[in-house]
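Everything below concerns the one structure shown next.
Every chain is named by a letter (A, B, C and D) in the order it is written, and numbering of its residues begins at 1.
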Amino acid sequence: MNPIIANLLTEPVGVSHYVVVGAFMFTCGVLCMATKRNALGILMGIEMVLNGANLNFIAFGSRYLRNDANSLGLDGQLISLFVIVLAAAEAAVALAIVLNFYNNTGSIDVDGADQLRG
Amino acid sequence: MDPSWLPKLLALAWLTPLASFVLILFFGKHMGSHGKGAGLLATTAIVFSAVCSFTALFGVWLPNHPLQDASHHSAQHEEVDSHAGVSVPIRLVAAEAEGYGHAGHATGEHGEHANNAAPKYITADWYELGVFGKLKLTIGYYIDALTVAMFCMVSLIASCVHIYALGYMHDELHDFTDPEVTLTSGENLKRPGRYYRFFQYLSLFCFSMFGIVIAGNIAMVFVFWELVGICSYFLIGFYIERKSASTAANKAFIVNRVGDFGMLIGLMALWSSLGTFSFGDMTNEQGEVTEQGMFSLLRTEENDYHLQPTAGMVFEGDRFPECNCATGGSGDTASAGEASGSGELHAKPPTKNHAGQWLLLVAGVGIFCGCVGKSAQFPLLTWLPDAMEGPTPVSALVHSATMVAAGVYLVGRFFPVLSPEALLVIAYTGCITLFVAATIAITATDIKRVLAYSTISQLGYMMLALGLGGWIAGMFHLITHAFFKSLLFMCSGSVIHGVHTNDMTEMGGLRKKMPITAYTMLVGCLAIIGAGVPLMGIGFSGYYSKDAIIEQAFSFGVSNPRHWILQWAPVAGAFITAFYMFRLWYMTFAGKPRNQERYDHAHESPRVMTAPLVLLAVFALGVGWAFPGTNLKVTNLLEQARPVGTLVTSHGELLPALVIPNEHDAHNFLVPAGLWAFGTAASGLLLATMIYLWDFGLRPEELKRTFKPLHSWLWNKWYFDEIYEWIFIKPTKMFSGWISWIDRNIFDSIIHSSAAICKGGSKVVDAIVDRTLVDGTVNTLARGTWDTGLWLRKIQTGSLRQYVMFIAAGTILLFVAISFVQNI
Amino acid sequence: MDAIYWPSFFFLLFSFIACAFALGVLLAKNIVRMAFYLVLSLSSTAGLFFLAGADFVGAMQLMIYVGGTLVLLIFGVMLTSQERFIEMRTSSGEWVVAFFIGLMLFFTLGKAAFGVAAWSGLDRETAEAVQVEQTVTPLAMGLLGARVDKLDEPDAAKQEGMAGYLFQFEIVSVHLLVVLVGAAYLARAKRKASGASAGGS
Amino acid sequence: MAGLINDFLNWLPLGWPVAHDSWLGLLIAGVVHIALILQLVAVSALVFIWLERKISGRIQDRLGPTRVGGKFGWLQTLADGLKLLTKEDLTPDGADKMLFKIAPYVSFCASIAAFIAIPFAGGVYPWIAQHLNTGVFFVLAVMGLEVFGVILAGYSSASKWSLFGAMREAAQVVSYEVPLGMCVVVPVLIAGSLDMVVIGDRQAGLFTNWLVFHDPFTFVTACVYFTCAMASVNRAPFDLAEAESELVAGFHTEYSGLRWSFFFMAEYGSMFAVSILAAILFFGGWHGPVPITSMLGLSGEVGSIGWGLAQAIGLANVLLKGTIGVCVMIWVRWTLPRMRIDQVMTTCLKYCTPIAAAMFLGATLWQYKLPGKNFFGILDLPEAAYEVSEGWQREDASDVGGEDRIADVGANRTHGNNTKGWR
């Protein structure tokens, strides 16, 4: 087997690997926001972005991935807890906005929401 | 067998097609009805050539030169390097060429030095055409591993194409009605079939191609170079009655002349300074060198095989006594180059004479000009797509696998003569070509034109590889590409044969009608995009060669950050290649039929056509592999022919910062290059699949509409034809027009103009002072403000999703900017 | 070959699932399927949290995120029960632009991820020697303002700065309350009369 | 566990050595755990369905099944299962095929996964598939996922009835998670840990130590918990999702055969899970009302026969209490009429939530004012309670930055007062 693939299986993964996964989820989330016309799809994109960020916090705070003075330690987990909670709050507000938008326009297509166009 | 058989066997392989040509020339019309026997004769001849070539390879060359595993050596090499800490130029052991010399002296000497030594070759003259003072024109040979490999490749593909053409050209066996030529009477042209003539040209072409490969000196190369050109002319213009075909033939011929002009200049520069045309050293029976060839003159053993101008190349040497022009003057240009590269340029006395380097540059670039023409590189790339007017077997043989590859071959053969600066020119040409051609291929809908642009792009890859110092990479890609591209062309020919159209927009779903063609073509497509398992080293043939090129590009890019574009262009090219090749495959074979009538009448081609497809598919799949259990592998064979210049890290003389890296260093970039190549190819494939196969929401028509300007830019082939029309043709016509106009109207115009000047003068004052200056300033200001406002307004789209895109793009830009700042 | 290091294996497994379903969310056309994929993706991310030793956060992730997504799903079904909303296409051009920007973004981020040497992971012995630690109590204490995990911090300046997260916790709590009230206010049912005028405009 | 198995394998004359940390043992241990949990859910479903028929029959003055399998018709469920297996597996035409097919498995998996973190016997070496120190939380979170299967099923069936059922279910489950969570927090608060093993062992001794009798507030909390648990697993009177009088069969209208039976297994599995959770949180877990095992001196070294017997008795306790809980649910189902959806929501938002919040406050106050005392404890019963606390405590409050450390859960059990701990 190739050394790189073998190493992935036999050596502990590091912060880098977590960050790459986080980056992937982040990118997917951004693209989701950029390509979905459904307002709920955009919300899901936001959830994914936040989740990708969370993954980074957890990774930077984990003692299994990186054990040095620069590690975030418990702060990483605390911050990600806040992120999760605030994400829930944000989802509630966003849903309310979406609902309002739907009540006003009869549609949840965000492309219809371009009254601020220049 | 004894090595003295080598020239004999290859000469036999070379001359058999010539015999076939002569026979068909005189008796072709009488060989069966419309010359049916001519086809068989030509095919037999080329198969015989192939047999000879392979006998030469397996019977003579390999027994005398057992293959070494190159990768094993490179590993050792890396170890040595890492121990030394820096990349030291390896002190090369003595070339064995002298001891080798004429046939019969094969000592079988090889072993651990094989990698570092000058390649082993046999060279001699067969026949002296004439001696004019110092100028000696001869017919000779220069045979090394590359020659043998090329012989095998060319003869094998040519055999397949011949067999294929037996079936493909059967329309020509009887009176032929050309549906594309309409006479003034409104009827279609009816003419007797020209089956025999086709094979006559093919035989002549094979002869000429073999001639280029076997040639022992550059003058002989030039002769066969032109012969190949004329064959190409004949074959493109095979349907001479068609306007498009005859125009294309002319275009190909004329464009090639432009390149050959440069080649002649290069030839003269070389000859006038070196006094010889021969590649290698001539030896007598005792093995003493009687006459040095170009390679050993320019890269002497004493100088670690670094390129150094010879005494004859430096003008007015007396005026600059300090210059290190003499052969003994081991003030060593290479080390001087390094020193100046490290910023001590001003410390040196300003008497350094670069004339020799300039001359080498002129010679190298001049020779390369010929290759630009033949290999359809930028800016002379317009003729190759038009050459698709010829019958498909011709496209497969001449315009993809062999003739256009001759340019690459010549650059490879000439490698020791090329200075780093010339290599840089080559690399940039290849880089531009590969990108331009690949982008054009995205929008083309003619199946053969897509392949033609793909060919140009792949040739660009090879040139790029050579220009970056990746000799093995380029030559290896030349060979793998020959196999899969001829396969692709023959598959497209099979499709055209079955559907009777070139237009991909009328195809679709043909997979079910012609399965053999479809799946062999799939093999070809996978091979050209370099499909393989990353890091595992298992893949189609293109996987190995393309990865090698990208590795070399990475290696080069790391040594020369300034030329980063040369590093990333092949990566981008891999993405585009994967996209357009699978676009082609999906449009042709997958999905639903777009033209039901054509689909209903489509049929699989006869066995005489599909059999070569299968054979070539096997080669396209496996030509990069080692024969199981042995070292028998194309790269190992090429390794034996590696020219001396590629295993040293060389520095530019004129551009001191330029570094052409040692090719073995490329292995350090195995992992990133492999991953990048795989990633880009996979994403290109994915994109093509999403657009053309899955009903995913990406529709080609919609894309075409959205990117209208881009699409028409590519559809019109970057306006190359139009530009040439405007730059070269129109001015010529206009210039002559002007002359006549002046001639006729000179007097009148003088009188009229004097009146007009008065009138115009007052108008000008009015226009300039009053309207333009006074009004204009005010209006321009107002207009500018207004326009800026309007333009800025566009950014404010109000669309949430676009804002997200702006943010993402802004992030990326910020990142890039920061990384730049940090680098400074 | 060395023995397989199981946490790494599970990391690969979970991250593959998470990434695959994240891609699924991006590519799916149907809003309900998107939600379904999102749930799977977030759940496997919770698995990644567990692997990194953050078990409480992982459980929170399962409970709140996944539960929150559940609400999203309900709204998705409610609002998009009309056929025309279930699948809304984006023009191909935007997809292609997004594709390239996404590609660049990912490579930029990925390059950064591998740019720091200290991030490349512990060696096997060190990683196996890391003690399992309880996270719940320290987390709760942290939220209540006492950093029991850093009691032996020698640097006095740093000790000053780790007063815990009590204040933030309070702010978030109040914030949540405000958000709930605000959301309820925003999403309240329209009066009959105003609803009619909104429909007419 | 894995290490033990590996050592055993190594001892067997297999012909090749097995390392102490080989993957083989991990695999076998995993398979054993999965098999145990699966069979528990499957067998309990069999029993409960039969039980439901018998009990409902008796409540309605009927006999229930009598024929299959002899005396009490106890093989009736198995016969039904066979019938379901042979039924045709239908997928409606307009359905979202992928989601339709996957939905039952989602429910079933969520229901089973909850058992991973549920302990069946406590002590130093508890009988539990995966000992999580956030066990309660994990179980709640995973059980919350079950509703996903239901919603997906309702949506993908392309039927109005199914969709209505799913929407009701979603609204109901999301709402009831709030009071449920609050109720669960109360025992967690008292035990000072999210670890179910700790919570269970906190209730060792006489039944007076059970948390339901800890104080009046916990008693009410237990009642509220059970109500909310019934609602969150969709049992009558809260089974709006499958109200057959209005919605044909609710979310599983379009299902038949094996897929349908997966929903059923999921439902009974969750019933059992919430009942066991109730038993562990409030009703002493694996400790019987009277500490027989310690009276008999059945505690010993881990692995000894006495220990095994004690653990087995604990297991029997948990299963019995769980079964009693399920029986209560069955009893409620066949005696109370189904509520309307608005009544369901009112019950949750206007009654359960405020009551749970008040009880939470009350329990907190009790902990503050009467630390370490339970209801019977203020009556001054001797040595009735002992404190169990995970985590951080200071031997000496004045010694700042001293000996604080992570304490092992099992080892850190201290008798007596624990008021010096952090609060």
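Throughout what follows, a contact is a pair of C-beta atoms (placed from the backbone, for glycine too) under 8 Å apart; a residue touches a chain by one contact, two chains touch by 3 or more.
As the structure is a computational prediction, the values presented were derived from the model and not from experiment.
Closest chain to the protein centre (all Cα atoms averaged), using per-chain Cα means: A.
Annotation: 46 Å between the Cα-based centres of chain A and chain B. Rounded to whole angstrom units, the spacing between the C-alpha centres of chain A and chain C is 5. Here the CA centre of chain C is 27 Å from the CA centre of chain D.
Centres computed as Cα averages put chain A at a distance of 32 Å from chain D.
For chain B, residues touching at least two other chains, in rising order: 801, 805, 808. Listed for chain C are residues 3-4, 56, 60, 71, 89-90, 94-95, 98-99, 101-102, 105, 112, 133, 135, 138, each touching two or more other chains. Chain pairs that touch one another: A-B, A-C, B-C, C-D. Of all residues in chain C, only 1-5, 7-9, 11-12, 15, 18-19, 22-23, 25-26, 31, 34-35, 38, 41-42, 45, 48-49, 51-54, 56-57, 60-61, 64-65, 68-69, 71-72, 75-76, 79-80, 85, 88-90, 94-95, 98-99, 101-102, 105-106, 109-110, 112-114, 116, 118-124, 126-127, 130, 133, 135, 138-139, 142-143, 147, 149-150, 165, 168, 172, 175-176, 179-180, 182-187, 190, 195, 198-199 touch chain A in the complex they form.
Touching chain C in their complex are the following residues of chain B: 683, 687, 691, 696-700, 702-703, 705-707, 801, 805, 808-809, 811-812, 815-816. Every residue of chain C that touches chain B in the complex is listed here, in rising order: 27, 29, 89-99, 101-105, 108, 112.
Residues 2, 4-5, 30, 33-37, 42, 110-111, 113-118 of chain A touch chain B in their complex. The residues of chain C lying in touch with chain D in their complex are 3-4, 6, 30, 32-33, 36, 39, 43, 55-56, 59-60, 62-63, 66-67, 70-71, 73-74, 77-78, 81, 131, 133-138, 141, 146, 148, 151-152.
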